[in-house]
Amino acid sequence: MGTVLETRGVSKRFGGLLAVNEVDLQVEEGEIFAMIGPNGAGKTTMFNMIAGLYKPTSGQILFRGKSIYPIREFWRNYTPLLAGYYAVADRVRRGLGFGPMPLALRPHAVTTLGIARTFQNIRLFSFMSVLENVMVGEHCRMHAQVYDSLLRTPRAVSEERRVQERARDLLKFVGLERYSEEYARNLPYGHQRRLEIARALASGPRLLMLDEPAAGFNPQEKVELIQLIQQIRSQGVTIFLIEHDMKVVMEISQRIVVLDYGEKIAEGPPEQVRNDPRVVEAYLGKPA
Amino acid sequence: MERPKVLAAIGVAGMVLAACGGGPQGGSQTIKGTIKIGVDMPTSGSDASDGLPTSKGAQLAVTKAGKVCGASSHTDACFTLQAMPLDDAVNGVHDPAQGAKNVQQFVSDSTVLGMVGPFNSSVARAEMPIGNSANLAMISPANTNECLTQEPSDGHCAGQAAKLRPTGKNNYFRVCTTDLIQGPAAADFASKKLSKTKVYVMNDQQTYGLGIAQNFAKQFTSDGGTVLDSNLGGFDPGSATISDFKAKMNQAKSQGADVVFFGGTTATKGGLLRKAMQGILDVPYVAGDGISGDQFLKDAAPNAANSYFTVAGPYPQKLSTAATFLTDYKAKYGEDAGAYSAQAYDAGAIIIAAISRAIDDAGGNMPTRDQVTAEVAKTKNYKGVIGTTSFDSNGDTSLKIITVYKWNPDTSKSDFADQVTVS
Amino acid sequence: MTARSQKPAPSSSPSVAARIRGTWSAGTRAFARGSRVPYIVLLLLLVAFPFIDGNQSHIGIAQDAGRWILLALGLNIVVGYAGLLDLGYAAFFAIGAYSYAMLASGQFNVHVPFWFLLLASAFIAALFGVILGAPTLRLRGDYLAIVTLGFGEIVPRVFRNSSKFTGGVNGIVGVDQPFIPKVFGFPGYHFLFNPVPYYYVILAVLVISILLIINLRNSRLGRAWMAIREDEVAAASTGINTVTTKLLAFALGASFSGFAGTYYSAYLFVVTPEAFSFQAVSIVVLIMIVLGGMGNITGVIVGALIIYALQSYVLVQLPGWLNSLQSSINLPFLQGVDLGSYAQDSKYLIFGIILVGIMLLRPQGLIPSAQRKVELELGTQDEAVADLRGSA
Amino acid sequence: MRFFVDTLSLGITQGAVFALIALGYTLVYGIIELINFAHGDVFTIGAFIGLNLIALFGMQTWSPALLVPGLILLFAVTMALNGLLGMAIERVAYRPLRNAPRLAPLITAVGMSFFLEGVLYLVRGPNQIAYPNLFPSGSVSLGFASVGLTNLVIVAVTVVLMVGLHQFIQRTRVGRAMRATAQDRDAARLMGININRIIAITFFIGSALAAAGGIIYGFYNESISFDLGFRSGLIAFTAAVFGGIGNVVGASLGGFIIGLIIAFSTSYTSWGLQWADVIVFSILILVLVFRPTGLLGMRVPEK
Amino acid sequence: MALLEVDGIDVFYGRVQALRKVNLTVDEGEIVSLIGSNGAGKTTTLRAISGLTPPSSGQIRLRGQDISRTPAEVIVGKGVGHAPEGRRIFARMTVRENLDLGAYIRRDGQTRADLERVFTLFPRLKERHGQLAGTLSGGEQQMLAIGRALMSKPQILLLDEPSLGLAPILVDTIFQVIQDINKSGTTVLLIEQNALKALAVAGRAYVLETGRIVKEGSAKALRESPDVQKAYLGI
């Protein structure tokens, strides 16, 4: 078992606000890893940086031992001109001892690498069918080119069929197969969360990042969610989640990291974190 | 021969009924159908002040004739005449593509045997090949660009006339003379009559505007004058504003221009250019026939005085042959005829006369377009409102008269200034 | 909603023949989705039209309408599918028209065959689409609209002012007309100014285009467009390269426009820069798809036909109708008023009212796509990745 | 030198008009992030309202003593009327779509632009329409060159309006509310600011400034036409983007710079007259691509 | 009569129900705290009260008058001041301008005195009154947000996580100020992540869990209740 995801001294500054400050994380293969912390601790910012939505101000993010922002990947995703500029800047920074140039892969490229995510406030394609939502998730694993799409070549047709079958399997897996023709927006809230997970799984991730998957769930739904997450994990997908519901977090995670004010204040198994005075203080405050 | 007499009757007095030989009371006539004559001019938008009076002139010829019968051998075979006026202006400005569509509409209607138009040379370039492929007789009252019909010896037309006639046959004629005459006439007027030596030329880059500007510049230089901007001041009529013209007039002033020549039309902002000169460059302004419509006065006000323009044709008010036409026109439309109304009237009448002869050729039946075009080409010494017209093998008229007018803002009319006849 | 139960097509190695078969089977399946009978009847009627109606000017009108439909279908990919407001669509039309006019006329004495350029100009237009789109597609929607508007203003001006290459304001006259060469004993056929063969060309192009667009809509790419339109951030996080995908929409839309341009200049024998202004093309095509229903092929076609009829027939004939009505009613106070000219002058006004009215009263258009309908009624999450990334 | 000064004054005068229009774009964009495509045509209508008022009161024949207060009144009334038009447009065409997808108000704005142009076309026809210049027509000699009085007055009026606007936005209660609304609509509501009213006021001010631009354009060019707004509007939008959209000072600056670019390229080159528009619209594209914040656009802090 | 009564409100964001039949009352002069984990619906409750997110059913009464359908900008005038989540100060305006905007609705000409009061409460703001608010530190921004809400002279002040993102020393200051504000006669409804702090200053408190009030009572009682610890830490 190796490390799937590693962040080294990652920081993010928004204007005057240091949202994330020198955070080091290590997510091990096959585990369920949770990130908790009070509101505004920088958890979602961390997620967004890993997913390529934000560019870190400094620091490095590595996926399976390799930097998530290699110059070579960059070439593929940006115009050569820009990539050239970054390559030079990278050289200069390394030479001056500032570490590598923090580069951001664009989100789709991160997903293609094998990191999928869900959102805190569900972001489904509301006006597409449930099945289509999952099929969009498989987009980056499909190979049909424009001409395949235009001419509907046998290759495209068979791929389409395969993708559809897989999407149906995934829907069955999350228990939504009955709704496959429904608009995503017509699903009840809990189903929407499950659909978002199915869509993320469709890209075949090695690491699944869940942003508050239990938010707004009733206890019964939470139990089902925990089961689902464990099932996903048992299929070899590493889970990295942000969650506020401590019951859920404590129950399923092997390790927990706690952020407060953008800094890591604790890390370890649930029991240890729960009793860490700094954590208690971060959550409940120091008694006045 | 009876024919010249008859034709004169159509043209001069518009005594239509006599034109069919027997008159209305000649009970032997039968109406065998309808023949349409297409009229294509820019009749909306800012071109309308030029195009509408011209279109009306052509329509007047058709309505006055009413019907057309065989000229001599089949005077009993008659057809009702009908004008089919179309507008080639899009968004208020003449548009070659729209002209092309209009001619296609004429061509696809088999009862259209001839057309009067178009007004603008750029439109003619788009229309001619289409008319040519159907051999539809086209007579333009106002196209003056020389490259439409001929290949001057210096080769500046680059074989365009031939390109515009894909079938190799000629179907295009005009009753006005060309810019080879008009441009130099304007140049002579500016240098000799107005005694100017430094001209600043502006042109709208269109077929007509650029062509007349080039012919003007050439003659002006050979008259001993200087053309200040060798680029001939080409501008984009779609977007140029007065401010842009002011910028150019600043430049002209700094170079010491004592006259400005404009190649273009009122619709391509000839009036605005005149207006922009106010307070910057107080010198005479000379242009071709493109600014003959009275919209120029409105656009150029209050700086319209001291503006001259040429017209490829005689001054109708001075012609005895035009008196009836001018009264008829005023009676029918309640306004004075435009600078090219008489030309359009003659163009219409020449086509009607040709159709009349073609009916004979067709043995009293509906003539074909080939027959009509062939008869138009044969037009010789046609005595019309504007004088005596014959077509040469290119389709150009023998009537080479240029009139120079001067705008008079006080009377809102243009006054006669000079006339040049080239023989 | 798109179909979700396609039968597998006969699979074999992707030879050319198989690809064509693939296209064909998709087309028939598209028909099969509803009842295919009405479509086939309609197609047969359209094929037979020149035999039923001998009036060439009617055929001319029909082919012209076909060209507008083609333009509208192309813009629909950009606006309706990918949700990018392109106000410079006329530019690609102009590029298509000029590439044909410059490469197949006496202008440079180059005469590339029509059939080749019909396809090639689509590629040329697509190339320009990519050149414009690559730097600008990461801009937000309204900025993109203004950039394309600017581009749409630049292109005709460049054509107008580069007289050496494009004939300037006069345009290029004497564009080659298509002909079918002499092969296999076929005597060869020159189109000249006969609208009938053009009608068949545009009909064929339209049928193929519609089949291709249906394929596209139900493909990986079509889903990606829909996803981006709904939520760009989520789409990007789901693994869709938003820039490339949007670029493809832009390029494909442009290629349809280029297609139409080549056809147009061949038919008209002449191209002039005036024909490609914002007012004359871009806005008209936009109105067509907005009126008909963005994202829906049937809607777009109906919208195109309505607007075409309005601007090329109703508004042209209306003055005549009104004038005759006026003289038949013969009311004294109406005598001095030229109702006809008012009718003709009201084109802008009518277009404006249609656009505003549709957006306020029926934003989904007359015949909406099911998805677009709900979307426009309820709104979507509209946040570009670039926003989220700050000024990355 | 004389030529240079002539060109300079031409460019500044032209730029003043662009700047006045650009302010309207920038204000509206700043507050509701809508590119008000119809703004160019609102400008044209402002010019026409002014023309009608001048004709209605026969102002051309007024004595110079009466003219000064008359002109002030003319500007005030025209600006007020045009401002009301702007408010009406916002109410009818944009407000109902405030929560619709972004495409919808954009398309409505394009439609509104066509509608206004259509009304003008129908009422005033396609031709250039003469406009009287009521500003003094003499010129001031600087020794080496002379500058038209009209130009001076135009620049003076423009500067007064711009400073006035700036003071209004910076110093008054409503101006503060406008800025607050532009920055954070929810927070502004929590201050008790009626968002709809503030947005309507913004449209009023933008349209009023455009009306002033319209009269100035009419006075200077002495000729207007129904389609004036399309090109002027696009150029002014370029100016707004160039200066940094949303930034009032930037819009003014951008207007003057674009005016000067056009004037100098047309005056000093023989190709400028043909290519000035292409240059301007290329600037638009290049700025949007490479520096969307424009010259003075502030970097909006990320949340 | 209670100053503020929230009576069985339901609030939806789209299809998601954020609040379910929430009831709460605040009496004149109290500090009432609303605690609960993230996503429990605390912020939504405040937004519903100040009119930013109107409830779909139920009633909100201010001094007995129904304000549940009143627009936010009108509610301010009725005496509800709201310092929203994330501070939401106007970053591109000066501190002074932000405060002036706080008094936007007031036409009584007495704002001068309130400005002095805010400056007395937060001397730092006085020092920096000409500075752009965006350049303030997090704590100063929070002070500004509270000060700005005070400028409308509210009868009840809604505070949404005033300690969010602040250094501990500043948290103490803020809470001190909240108590000062309350002492000078302003009723306070406080949302706080920092539950123990909140319960220390509040007289009464409500515990929210997934959109419902699950517990209410005096702060003292709640402080000792294991439920609160559970709600936060899942113990």
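Which chain is which? They are A, B, C, D and E, in the order written, and residues in each are numbered from 1.
The criterion applied here is as follows: contacts are C-beta pairs under 8 Å (C-beta built on N, C-alpha and C of every residue); 3 or more make two chains touch, one makes a residue touch a chain.
If you're wondering where the values come from, they're calculated on a predicted model, not measured in any experiment.
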| item | value |
| --- | --- |
| Between subunit B and subunit E, the fewest steps along chains that touch one another | 2 |
| Shortest contact path, subunit A to subunit C, counted in steps | 1 |
| Most widely separated chain from subunit B, with each centre as the mean of CA atoms | E |
| Most distant chain from subunit C, judged by the mean position of its C-alpha atoms | E |
| Subunit B and subunit D, separation of their C-alpha mean positions in angstrom | 42 |
| Interchain centroid distance [CA atoms averaged], subunit B/subunit C, Å | 37 |
| Separation of mean Cα positions, subunit D and subunit A [Å, integer] | 48 |
| Centre distance in Å when subunit C and subunit E are each reduced to the mean of their C-alpha atoms | 55 |
| Set of subunit C residues in contact with two or more other chains | 157, 160-161, 279, 345, 375, 380, 390 |
| Subunit D, residues touching no fewer than two other chains | 126, 274, 277, 301-303 |
| Residue list for subunit A, restricted to those that touch at least two other chains | 15-16, 185 |
| Contact set on subunit C toward subunit D in their complex | 79, 83, 85, 87, 135-136, 139, 141-143, 145-147, 149-151, 153-154, 157-158, 160-161, 278-279, 283, 286, 290, 342, 345-357, 359-360, 363, 375-376, 379-380, 382, 390-391 |
| Residues of subunit D touching subunit B in the complex | 2-3, 6-7, 10, 13-14, 126-130, 137, 148, 220-223, 231, 262-263, 266-268, 270-274, 276-277 |
| Subunit C contact footprint on subunit A (complex, rising order) | 48, 51-55, 77, 79, 104, 106-109, 111-112, 116-117, 119, 123-129, 131-132, 135-137, 139-142, 144, 146, 148-161, 163-164, 180-181, 183, 185, 199-200, 203 |
| Residue ranges of subunit C in contact with subunit B within the complex | 55-57, 60, 64, 106, 157, 160-161, 163, 168-171, 173-174, 192-193, 195, 268-272, 274-275, 277, 279-280, 341, 344-345 |
| Residues of subunit B that touch subunit D when the two form their complex | 44-46, 48-49, 91-92, 205, 229-231, 233-236, 239-244, 246-248, 250-251, 253-254, 269, 271-272, 275, 278-280, 295, 298-299, 301-302 |
